[in-house]
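Chain naming follows the written order as A, B and C, and within any one chain the residues start at number 1.
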């Protein structure tokens, strides 16, 4: 199997964790352990000769394609808040603020049933929300609202464009998807004749 | 920056979505757009010469390293592929939105002749489509459009890259010149630059 | 011939009226630009009839199409008057949307025939810990849908007076308050959910909800939620 090297490469490429020779053998059931080891060696040699941004790393009883440490500083500059990720709790808090703004902390906490101080700080820091002012109530609590950045992140022109939960609910449940005969797995569909892309 | 090619490679390697030249420029702030484009070209050429298991794909307004389809069958033996499971109905709805966007629900349903609420919900949830805003019509209906993710999944550089629909030849045995083409003619008016969603 | 139609139906339920029409046209090998409207209408109606006889619930769309077909058919029967000379073929009403539908189906085929990410091609796998610092808490990618979802969940579990901005007829709210008070006169407390099971329809739910909020505000009732079960109970004061 001349191509073994690249078949293994493709598997290492998509794998989320290091792959052991054993594991590779199970997938490539015609190839023996020594073939696989040779191919891995060839692959590693190729990467070393090429001196590109990645190398074959033997780790945790397996092999993994990794970026070389020379590139770490670039990769770090690249690490992105994109796509923005939030914890479930933060997202709930943000949702409440989005739909109920302007709103004070105690009302948010009343809706969520738990303390939100830490989360509000995070949301403020990440500029998802901002302080509008203080409410004329004992203790003069801060009033929260969403920011322009919030609109950007959720790709909305303005707050009026925020679909209401009711509208989404009215789309109906995904009952239609039950009839979802898995289209792409359907052998009848058109996936036979496209072995070659590029 | 001799090494630009591999710095970019390292970024493409760790990125979870296609990277635009713009995005790369922001990270590599010393390099200009044309340098970056050249480096991308070199990288792509290198992958083509090498004929390894992956290639550089231009998609969704950016670049992404992907496996060649020759290796798909091996990869599938190895990972549980997570195919974009879409029913025939969902796919048709998606096609309408792709070609006719921005579009409101009632127009989609007019074309398909059936209710699409559940399907829209699924497509929204899977991030194939998004809410673009509201139309100034009674009830201010939501306007739908496709996402960047849609381009990514269906291997489209941008919306202009959508294939021109075939004439309907299989069915009618008479001339096709009477075909109503209006359906796809609006495609050109579609906003290209609104593709940036999460 | 009808048997033939039915056999196909059982294995392959049509999604909508358009699907059925396309099937009939292909099956009869007729020209889409010159649809034998009488034949197609008949077969279409036969099919609908059959569905009914099978006790299959018919989507309204099928009925609408049946009406359209029948109408087109009768228009075809009318002798063309001179005024009608430059009028379009009544069948256009069927042909045009049908052509659009077919084009869209072919577009859908084109889409599914592409090199699909996750099916025909794959991107690099990542173990998230490598590059992302998000650890500990379950982090989720956020989008509009997740945001709405989160709010929906809150709405589902809501027990507050925060929904007063929902518009509803204030008179019906007052009515509902008195209905609820009626319940309280019989029993001292009632669970939140019980109040809602009274009235099923959506606007009723909102009205009931507003009524409860109003009562809480007026200090007519007190609400308490069970820490473990999460059940909300209302007590008449």
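Note that a residue touches a chain if its C-beta (ideal position, glycine included) is under 8 Å from a C-beta of that chain, and two chains touch if they have at least 3 such contacts.
Everything numeric in this text was worked out from a predicted model, so none of it was measured.
Under the stated contact rule, the graph of chain-to-chain touches is complete, every pair of chains being in contact.
Looking at B-C and A-C side by side, the one with more C-beta contacts is B-C. Distance between Cα centroids is largest for the pairing of subunit B with C.
In terms of their C-alpha centroids, the spacing between subunit A and subunit B amounts to 18 Å.
In terms of their C-alpha centroids, the spacing between subunit A and subunit C amounts to 30 Å.
Contact of a single residue of subunit A with at least two other chains is seen at positions 10, 13-15, 75, 83-84, 153, 155-156, 163, 168, 179, 183-184, 194, 197. Within subunit C, residues 15, 112, 115-116, 119-126, 131, 141-145 each touch two or more of the remaining chains. On the subunit A side of its complex with subunit C, the touching residues are 10, 13-17, 65, 75, 79, 83-89, 91-92, 94-96, 98-100, 107, 110-112, 153-156, 162-165, 168-169, 179, 183-184, 189-191, 194, 197. The touching residues of subunit A, when paired with subunit B in their complex, are 6-7, 9-11, 13-15, 27-28, 51-54, 67-68, 71, 74-75, 77-78, 82-84, 153, 155-157, 160-161, 163, 167-168, 170-177, 179-185, 194-198.
Here subunit B touches subunit A in the complex through residues 6-7, 9-11, 13-15, 17, 27-28, 48, 51-55, 67-71, 74-75, 77-79, 83-91, 115, 117-122, 124, 130-134, 140, 142, 155, 196-198, going by the rule given at the top. Across the interface of their complex, subunit B is touched by residues 15-18, 22, 25-26, 31-34, 59, 61, 65, 96-97, 99-108, 110-112, 114-126, 130-131, 141-145 of subunit C.
On the side of subunit C, the complex with subunit A involves touching residues 13, 15, 109, 112-113, 115-116, 119-127, 131-134, 137-155, 158, 160, 162.
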